[in-house]
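Note that chain A is present in both complexes that follow, paired respectively with chain B and with chain C.
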Partner chain A sequence: MTTTRQRPPRPARYAVPGMPPPWRTGVLCLVLLGVLAVVVVAALCLGEVVLSPAEVLGVVTGTADGGTTLIVTEFRLPRVLAGVLAGACLAGAGALLQSLLRNPLASPDVIGVSHGGSAGAVLLLAAGAPAAMVPLGALTGAGLAAGSLVVLGRRRGLSGERVVLIGIGLSAILTAIVTWAVVTFPITVAQQALLWTTGSLFGRTWAEVGWAALGAVFLLPVALAQLRQLAVLELGDDLARGLGMPADRARLGLLATAVGLAATAVALGGPIAFIALGVPHLARALAGPPRPIAPSGGTVLIGGLLGAVLAVGADLIAGNGLARPVPVGVITATLGAPWFCWLLLRSARAERPETERRTA
Partner chain B sequence: MPKPAGPARAMLGWLGAVAILGLAAAASLFLGARLLPPVEVLRALTAGDASTATLVVADLRLPRTLLGVLAGAGLAVAGAVMQGITRNPIASPSVLGINAGASFAVVVAVYLFGVTSALGYAGFALLGAALAAVVAYALATAGAGPASSPTRLALAGAVIATMLSAWTTTVMVLSGRTLEEARHWLAGSLVARGTDVLAVSAPLIGLGLLLALGLARGLDALALGDERAASLGVHPTRIRLWGALAVVLLAGASVAAAGPIGFVGLAVPHAVRLVTGGEHARLLPACALAGPVLLLGADVFGRLVARPAELEVGIVTAVIGAPVLIALARRSDVPAEAGR
Partner chain C sequence: MTLSAHELTLSYPGRTVVDGIDLEIPAGRITAVVGPNACGKSTLLRALAGISRPSGGQVRLDGTPLARMPPKRLARRIALLPQSPPVPTGISVEALVRRGRHPHQRWLAPWSRGDQQAVDTALARTGLEELRTRPVDRLSGGQRQRAWIALALAQDTDYLLLDEPTTFLDLRHQLDLLNLVAELNTDSGRTVVLVLHDLVQAARYAHHLIVVHKGHIAAAGQAAEVLTEALVENVFDVPCRILPDPTCGSPLVLPLMPTPLSSPSSPNGKEQR
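Let's turn to the complex of A and B:
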């Protein structure tokens, strides 16, 4: 590739030329934690009854009156925590899958886990099951989809290409189930089904949040521990074997973790649009060059926090900012997409073609 | 990758594919919710009287079959071109935002303007598909200059599609009337589109097919990577631009006529590639034959399985097409590195 004008080499400011300063990830994480705290407090304050931050603080110290305590602990806190968990889990699942399947478009939607959750939830809704059962249906659906993916994809090794193709097939079948339900059942069921497929955090209970938290607390550290294997897999199977790592077993473990994270998030809030697809890219862009597709611990942390901020912030807008409450997935897509586009445009101007192929 | 077959075997393969397409078209004409004897169907096709058989066959099944052939070919070839220009196996017309754009435009048209006619749906769908694709393409290439990377194109399209489908859902969740009106269109169906829709989409799809075939050599070169394609005298960005135009013509017109049928453009090229190999001069015509087979087969199946009601073709394509894709993917020995 020939470029028409030659760029003068940038003076190296740090020990490794082209690398971001080592403190960048830490500072970013702290900033994102701060933003998350602000968004969470705002989400606890705002609603049909507007509370002041002092009143919310009163709930924490136990000095608030019964009504305020009820609003915060029973209605708003579960929903906010659900947003944090779902956002973080989806972002983590997306980051793992994009590297594992070597495809920047890979996300739980592509391999059918999200659609499995949607189909399970929609079938239960159509059968007239009580609302409390629906997340269980989503979890079962996502689990079944993931199980079939692994069983069908595992044949003389678990190749990324084959998993993607089989995932596409599975998600097509599962989408067809959702479409069939939307076309066949009465309008009210169809609307609920659509709500589920976009992702919504409305009316989460402590029980649901508790189970999801258990899943996330177990899976996120596992994901961080597996990142090293992911980096080795990026070098190619032969090299991984040469380094003494059974590539297929590592891939199976990583796939299980990613799918578990996605299933946890989908059971909690449905496949909230854009987070799994977009946040890993945003996290890489924020973390700075050299942006390999394999996520590092830093980019996974940044991504998880970013996903949580985006989910809670979007839910805040979805619940309060508009004339009528809309599903949170609509807001994540509407806010996330232009930001993503802006990053895409900016990186097009800033990057040299050589680095471009490895990133974005 | 299959071994290059001898010319005689290749000819046999093409004849077989055409014969299967003929069978699918015949099945679409002869089978349906109302079971007519074959003699009656043949008479109805030629007679042109006012009998029930003529009404069913000439006015309902024939346009439907033609639409199935057109849309099937359009979607499958569009998918193959899309996978070629983005070098991404997940890419399909829907990744360029075409299905999402068409769906959103139709839902908005129903919600705001109360559009109900088939031609109105088709017009808005075509407009939405083209707009979404243009925005996605412009976004992917703006500022990137000569190096409009395939990944960038795929990502821009995927993000536009995510955003638009979220908006589509919002409109339908907020307005039950719109959902009631548009949900059958959104599932994808070949029913009762009328000949005027067919007359609009047929020339567009024909033009798109010619354009795509003309690009076959360039797409082959692009598969080697941008640098090598350039050294072979192929301009990668120009191929991508023309390819995107072909995709908009093919998939836009198909979606306008038959609704957002998602699976055909994604799966048919993969299935066909396992038989023909990756050379586009063979892949594209084979897709143009295999796409209609899947769509017509699914349509006939949908007519028969839920008699006297029907299952939308977009639902059936997935249910009968996906197991085929899965089986093919399992059978093939895709090396682990192929995903790069």
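Let's turn to the complex of A and C:
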């Protein structure tokens, strides 16, 4: 059954018509890399001791004095890198989850992973563990929350709605645990716990950053490789199976990657608000029409960079912009939420007339 | 090249939908599966495509049970179009049709010339070349159905299984779609299995008819032999007359009017003007 039909002439077009053009993605990535570099340098310069960019550059070339080198490499650089990693991982996790669960409001917060991290960290703090153990507690908590989610949601093949509902239930339980710990334990513990559950990049160490970097370097390429599966899953389980893809297994794999990314970020900086929820939408808006829900490699890269810029930028404001330093999560939530609302309103307004034109 | 079911039993938890049936899909022909709602037609079609696991018996392709074939290899032989798959937003027709190449692609392998050729052929075959960059969510019902068929064609399989492809289409688009299916069958010898609701269309377009009733096969064979007044009354609970279709000779099922409505002009209503 061979078709001896002539191949139609190929019209001039981009690599995948109807997907954001690759040059736009490339240019955007370069611009975002530039912005990230600026934000990172600014974050290295600003603080209690203000350094000039030349002094920071001196640290790189090894010409700076001991004090400057200490401030940059031991205090500021780990914190900045933690911001980059946490932002990128959260953005990646959000993009995967929103497409996987067919829910534009999905994020690690919704499925209980962030709350699991918080509960793990807070319980460890309450038990009197040293601060260095807290990320490990967060990682364990996030992992346990994700495990319960899979066990409870498994029966109907981890379908979107069910996972979201179970996640909301888990979040409620875990929030109750955090509140209980904050209310019951001494005020110093409560304060530390509250700081942690808001999302803070303060006082990150090189060891923590190193582990998180290892996680990100492993998980982000895995996420990119799984995008093709995500696109097929979007067609529904029956069609996906008909195309030779075991839908349940693919979904489990994607969920594991998303949870891994989220857990890495949460262990590093706590549940920094808004980034996982908002960045995928921003990345889609930036990447240009036709804005597919299933992320492409391009939108994941844009999202990762954007997440990094936002996390480091927000941390910069949190540390220097106010009378007293506040956790980064306060800034992302207060600035991000109105921006997000505005974006939703604008896209709703932009889409409505087109729909009407279509039906007319 | 044969696709056949042997003592096939299909069940959902607590309910047997298809109960130990045997059937064979004639190769290179169009087969229509008809039957009343909830008789197990769609379940049967899914099992024939190998996407649901039988609780008893098996479906065999060239003698190999489908359950024992690797999913991608199976997907290179049989394409299934479910009844109303979710429409992805923000992707073009071509991007949608490209997803039909999934079973031919390997892990991380780039998009090949053969893939593009299959997509171009599928778009040409379904008359969607002009619309290839149009977002799928902006298509009309008929165009969208053709886009789904194009996706199944890009899969480049011997078997094409379509679950109620004409539902939600108006008469013109129903006929366009069925004509397209008939062309696909005559031009390239693809074996087509369709679930249809309209008995007249099934009789006109299918070489082979399978009538499913309460999880069993009530009758199978050529439409002219299978469709009898007794069978239609028994399976669909519709008393009818069957006449030869004056346009093509296939059986034409005409339901009888229930007695109170026997004449449309009878003063049956309350408000007479």
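Following the convention adopted for this analysis, the second predicted complex is superposed on the first by the 328 of 360 C-alpha atoms of A that agree within 3 Å, B and C clash if a C-alpha of one lies under 4 Å from a C-alpha of the other, contacts with A are read in each partner's own complex, and residues count from 1 in each chain.
The criterion applied here is as follows: a contact is a pair of C-beta atoms (placed from the backbone, for glycine too) under 8 Å apart; a residue touches a chain by one contact, two chains touch by 3 or more.
The shown structure was predicted, so the numbers you read here are calculated from the model rather than taken from an experiment.
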Touched partner set for A:L243, first chain B, second chain C, both or neither: second
Contacts of A:A172 with chain B and chain C, given as first, second, both or neither: first
Which of chain B and chain C A:R324 touches, first, second, both or neither: first
Residue contacts with chain A in the superposition, chain B compared against chain C: B
First (chain B), second (chain C), both or neither touched by A:V232: second
Partner chain in contact with A:L28 - chain B first, chain C second, else both or neither: neither
Which superposed partner A:A93 touches (first chain B, second chain C, both, neither): neither
Which superposed partner A:T334 touches (first chain B, second chain C, both, neither): first
Common interface positions of chain A, toward chain B and toward chain C: 1, 102, 236
Chain A residues touching chain B - in the complex, by the definition given at the top: 1, 101-106, 110, 152-153, 155-157, 159-162, 164-166, 168-170, 172-173, 175-176, 179-180, 182-183, 187, 190-191, 194-195, 197-198, 236-237, 247, 273-274, 277-278, 281, 324, 326-327, 329-330, 332-334, 336-337, 340-341, 344-345, 348-349, 353, 356-357, 360
Touching residues (chain side chain B, partner chain A) in the complex: 88-91, 95, 139-140, 142-147, 149, 151-152, 154-156, 158-160, 162-163, 165-167, 169-170, 172-174, 176, 179-180, 183-184, 186-187, 226-227, 230, 262-263, 266-267, 270, 311-312, 314-316, 318-319, 321-323, 325-326, 328-330, 332-340
Chain A to chain C touching residues, read off their complex: 1, 3, 5, 7-8, 10, 13, 16-19, 102, 225, 228, 231-232, 234-236, 238-239, 241-246, 284, 289-294, 358
Partner chain A, residues of chain C touching it in the complex: 46, 49, 51, 70-76, 78-82, 85-86, 88-95, 98-100, 102-103, 105, 107-108, 116-117, 120-121, 123-124, 129, 132-135, 138, 151, 155, 158, 187-190
